[in-house]
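Naming follows writing order (A, B, C, D, E and F), and every chain is counted from residue 1.
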Amino acid sequence: MNRPLQTRKLLTIVCEAALEKRLEKELPGFGAHGYTISDARGSGAHGRRDAAWPASANIRVEVLCDEAVAEAVVRHLEAQYFSSYQLVVFLSDVQVLRAEKF
Amino acid sequence: MNRPLQTRKLLTIVCEAALEKRLEKELPGFGAHGYTISDARGSGAHGRRDAAWPASANIRVEVLCDEAVAEAVVRHLEAQYFSSYQLVVFLSDVQVLRAEKF
Amino acid sequence: MNRPLQTRKLLTIVCEAALEKRLEKELPGFGAHGYTISDARGSGAHGRRDAAWPASANIRVEVLCDEAVAEAVVRHLEAQYFSSYQLVVFLSDVQVLRAEKF
Amino acid sequence: MPFEPVILFFLLGALAGLIRSDLRIPAVLYESLSIFLLLAIGLKGGVELARYPVGELLFAAGVVVAAGALIPLIAFPVLARLGKLPRADAASIAAHYGSVSVVTFAVASTFLLGRGESAEGYMTVFLVLLEFPALMIGIWLARRGAGSGDWSKVLHEVFAGKSIVLLLGGLAIGWIAGSEGLKPLDKLFFDLFKGMLAIFLLEMGLVAASRIGDLRRAGWFLAGFAVAMPLVGAALGIATGLLLGLSVGGMTLLATLYASASYIAAPAAMRIAVPEANPGLSIGAALGITFPFNLLLGIPAYHWAAVTLHGVFA
Amino acid sequence: MPFEPVILFFLLGALAGLIRSDLRIPAVLYESLSIFLLLAIGLKGGVELARYPVGELLFAAGVVVAAGALIPLIAFPVLARLGKLPRADAASIAAHYGSVSVVTFAVASTFLLGRGESAEGYMTVFLVLLEFPALMIGIWLARRGAGSGDWSKVLHEVFAGKSIVLLLGGLAIGWIAGSEGLKPLDKLFFDLFKGMLAIFLLEMGLVAASRIGDLRRAGWFLAGFAVAMPLVGAALGIATGLLLGLSVGGMTLLATLYASASYIAAPAAMRIAVPEANPGLSIGAALGITFPFNLLLGIPAYHWAAVTLHGVFA
Amino acid sequence: MPFEPVILFFLLGALAGLIRSDLRIPAVLYESLSIFLLLAIGLKGGVELARYPVGELLFAAGVVVAAGALIPLIAFPVLARLGKLPRADAASIAAHYGSVSVVTFAVASTFLLGRGESAEGYMTVFLVLLEFPALMIGIWLARRGAGSGDWSKVLHEVFAGKSIVLLLGGLAIGWIAGSEGLKPLDKLFFDLFKGMLAIFLLEMGLVAASRIGDLRRAGWFLAGFAVAMPLVGAALGIATGLLLGLSVGGMTLLATLYASASYIAAPAAMRIAVPEANPGLSIGAALGITFPFNLLLGIPAYHWAAVTLHGVFA
């Protein structure tokens, strides 16, 4: 390809919709330059969340970023939200163009 | 990070919305401890599914799990649904915290 | 597993909803045999897109394909859309069954 | 005026689909409208039902269900032998045509209303009763020979299905609350009914247009079936109506019920119970041909036949 | 007739949930209906409000808010000491019960309307005023001892919250435009109100049914609390209503407000401000028990008490 | 009363946006309301249209379209030379201002209705006709010099676009069915129109508030343009109205059409046809300034001017 692909981290957070506004405010502070959110439902250790009303809706947040940012965000989520909120976090490696964007 | 990241499988199923209830019932039986679902539309070998009404809606199901569970689920989908339903399944490696959850 | 898993590329495009119809028309031309789309919102270099109305809605497009197709699509997006549209593209490796499908 | 105005909305939707307009009715609006229509039909039926002694109804209901059960039993061999369709497909299509289309029923009611023609209030009860036996028969036809499988799951799927719950629930609420009790809800459920139906038909037009491809693949036999079967059903409906001494309106509605093919409850149930069947065939025929056929030609024809034969026999 | 017909929709939804029907009200329809109901209640209140001098209202509002503030202060020690619930849970549940349920209020208004019983128009103002003080108290109860934290964020969360904005906004528009100015909007906001409420209750029935599991885990103490607390609240409401010289209708509505537990504004605010609290407990109690209790038994009982005591004291 | 009540909903939405309330109108509700409004406007226009001989209309329509085409041709050089905007941006903004805003038109109709002022029924036809020529002109302005490109794609994009299909479709249905035929649909499409418009305006207020940032970046020139251009358009509209001998109501509506800037059809079409243009500029100006300007000040002013000049010249 014309511009080379570079490796970055894709951080995915599945959590209660109640956290959306808060995450939107916090993410830039850790160096994330963007995020993508979609609506979701699901099930986990805390039972089923069927998205039938706001209190049971989930969101799925994706952040493309470099490893340091990913680490900082994960550490923050662990400290701040793991004990009281329903959320799941995972990381994977992806190839991106324009890596300076992330 | 405080707790170490461990590798797990992310199993993604894109299929007809008609299978949602059934998958929700079956997944725990294969050892999956949770799943996340969102609405989708798409196109594939069987043509376009535009989600304009329930009969043409897709869902996108994600399951974080260990390799054995992923294998069991994939084998089940292959045996049970591949011949009669429109679905696509893929696996990838992801890093998770609290790996015992999955 | 009964049938062996093979590696393919998962190409993910997050872009303005305005591009949906166009991408749907173009993707097959590059050899993609299918795609999956879901609705999304997000934020990036061009600011926040809250999906409150069509002009600020995003979509998230996934294409399972082989490396050559992925490369062709990425090159096309780069040439055609990067300068004027808000979009983010990333690639990852996934394992699929029935690899001939993609 | 040859057309009910609501039918013009169907045609507009179909046209928009054919010219590949970017008009899309959001899926959620489709779901919301179908909840509204099912509830409203149930409520109206319940209010009417309160006026009839249950005993009188029981007999008529038995006859209507028994006669209706003939439809899938006629359709199946035609599809399997004449049409050479695989058993699963023949059974699934038979189930779709044995079951009923709520929206076609609504359009027929609207058609009668526009002509000032009244009908027995308990027709909605028949609508509810006719929805599921054909599904059972279809599943049984598909599975004969094969292992029996999980009937309880299937029964649950059908009886706890959205359309039955809303129709029966509306019926019960209408029956309990009565015309007076429901009055404060009339402005939503009754006054807006026809307008909501119009928007729903706009969407069905769009969906029907997107099924053209399926139809082309299905071939001429199925297209012919999708026009002939409603006529057979309608004839059965008029005969049964005469037998039961229904009014002209009642006969028209029963003919429409028998003639119509389900595309809400049946596709959902068949997809789970008879997965080998290709939904493109059954939905393509039911929604792409039979539904518009009934809307545009069928209903007026059944009404005409009912008027004529009622004059002769009753 | 023992039940308002709208309550039958709640029962239908609950039943559908219990038999695990696949009936689902789309989340967007839920959100749209709640926007509609909040706006409509605000508009109606605003129109009524225009008829009263503000001075007269100020005093009454102060009394109503002060008396209402007792509810979380009573509930908290009961939950924490008698119920041995952790502080965060006790505080969160106290906040839910101190705040009010807009839908319960709407059903009570509908109940009065059905009986031709009028009420002071400014009750909607009380509804708005009662929504947030309890949330503040709940947060303060949860945080006592712990660091103070970001009150400004919490205040913003509550005051800029959807339900306050729509209720207050509706109130202001109704007040500015007046009965005449709003006339062209009546057909949507007032005529359809009860029908929309019915569909919303159908959804709440489904949601309530899905909370049964939470309740089972919560145990008998909380179940008892969820029935006893509304009675305490209602008694306080009737006493306050007598003190203020409200009409029978007004007393009934105030009793209902105090007796009701919030499940729209409170869950959202508590989830952010008191994250350690288990939302299953508060929502399970408020929506799974108190809401149906008020609908089915509470409102008629509060009305009966208001009639009786109004006769004695006023 | 200075404001139509529906405008208060716009202000409420804008305020909610500015205080960063969590109030969100679901995107699907936005889409559903816009389908409703477009259909309803079309239907009403179709019913009115039936009353006029087509020949008489043809000439007037030609004049209205020709005069309307002046707007983008005036706007483009102003934006490109005076404003020093890049060609693509100037062309795209010119297209937005040359096209029309359906909702502004609806508010103006409502404004006239509230004053008992009638207007020529075929104004809706002008609304439809004015929607696309400016889009074509804008695309041509953007591409001049550059390779011609795929006009057929663009034409399809515009003519098969949702708003044209619904407006024209509604027009056709209203025209075919006539006032009598549509009667059963009145309760939905006509009676609820203003209420639905109110909720849509609430959403537009929210969206407009979220565009403040775009505006700030755009600078003073564009802000001035967004106020001055509607005045130029309105003057042209009133002159054209006088020329055609329209009523005061008709002149007001034509002035409003010319003064308004599209933010439904134009953004969609320009995004695809002129991708180099920054949508923040055109939408920010059209929705963030021109739309509220027309709602709050423009429409009453255009009406006043129409009354005055009609008195002088007609």
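Here is the rule we go by: contacts are C-beta pairs under 8 Å (C-beta built on N, C-alpha and C of every residue); 3 or more make two chains touch, one makes a residue touch a chain.
All values derive from a computational prediction rather than experimental measurement.
Chemist: Note down the smallest number of touching-chain steps it takes to go from chain C to chain D.
Modeler: 2
Chemist: Looking at the contacts, which chains touch chain E and chain F alike?
Modeler: A chain counts here if it touches both chain E and chain F, which gives D.
Chemist: Which neighbours do chain A and chain B have in common?
Modeler: C
Chemist: Quick one: point me to the chain whose Cα centre is farthest from that of chain F.
Modeler: The chain lying farthest from chain F is B.
Chemist: Which chain maximises the distance between its CA centroid and that of chain E?
Modeler: Relative to chain E, the chain whose C-alpha centre sits farthest away is C.
Chemist: Averaging over Cα atoms per chain, report the distance between chain A and chain E in Å.
Modeler: Spacing between the chain centres: roughly 35 Å.
Chemist: In whole angstrom, what separates the CA-based centres of chain D and chain E?
Modeler: Taking the average C-alpha coordinate of chain D and of chain E, the gap between them is 41 Å.
Chemist: How many angstrom lie between the CA centroids of chain B and chain C, rounded to a whole number?
Modeler: 19
Chemist: So how far apart, in whole Å, are chain B and chain F when each is placed at the average of its C-alpha atoms?
Modeler: 46
Chemist: Residues of chain C touching 2+ other chains?
Modeler: As it turns out, chain C has residues touching two or more other chains at 38-39, 92.
Chemist: Enumerate the residues of chain D that touch no fewer than two other chains.
Modeler: As it turns out, chain D has residues touching two or more other chains at 22, 24-25, 28, 31, 192, 268.
Chemist: Give the pairs of chains that touch; include all such pairs.
Modeler: After working through each pair, the chains in contact turn out to be A-B, A-C, A-E, B-C, B-D, C-F, D-E, D-F, E-F.
Chemist: Chain E touches which residues of chain A in the complex?
Modeler: That would be residues 16, 18, 22, 47-48, 50-57, 81, 83-85 of chain A.
Chemist: Hey, which residues of chain C end up touching chain A in the complex?
Modeler: For chain C paired with chain A, touching residues are 12, 14, 38-45, 48, 58, 60, 71, 74-75, 78-79, 82, 88-92.
Chemist: Of all residues in chain E, which touch chain A in the complex?
Modeler: Residue list for chain E touching chain A: 24-25, 27, 30-31, 203, 206-207, 210, 213, 263, 267-268, 271-272, 275-276, 279-280, 283.
Chemist: Which of the residues in chain D come into contact with chain E in the complex?
Modeler: Within the complex, chain D contacts chain E at residues 28, 31-32, 35-36, 39, 156-157, 160-162, 165-166, 169, 172-173, 176-177, 181-182, 184-185, 187-189, 192, 268.
Chemist: Which residues of chain A touch chain C once you look at their complex with the stated criterion?
Modeler: Where chain A meets chain C, its residues are 1-3, 5, 8, 10, 24, 33-39, 62, 64, 92-98, 101.
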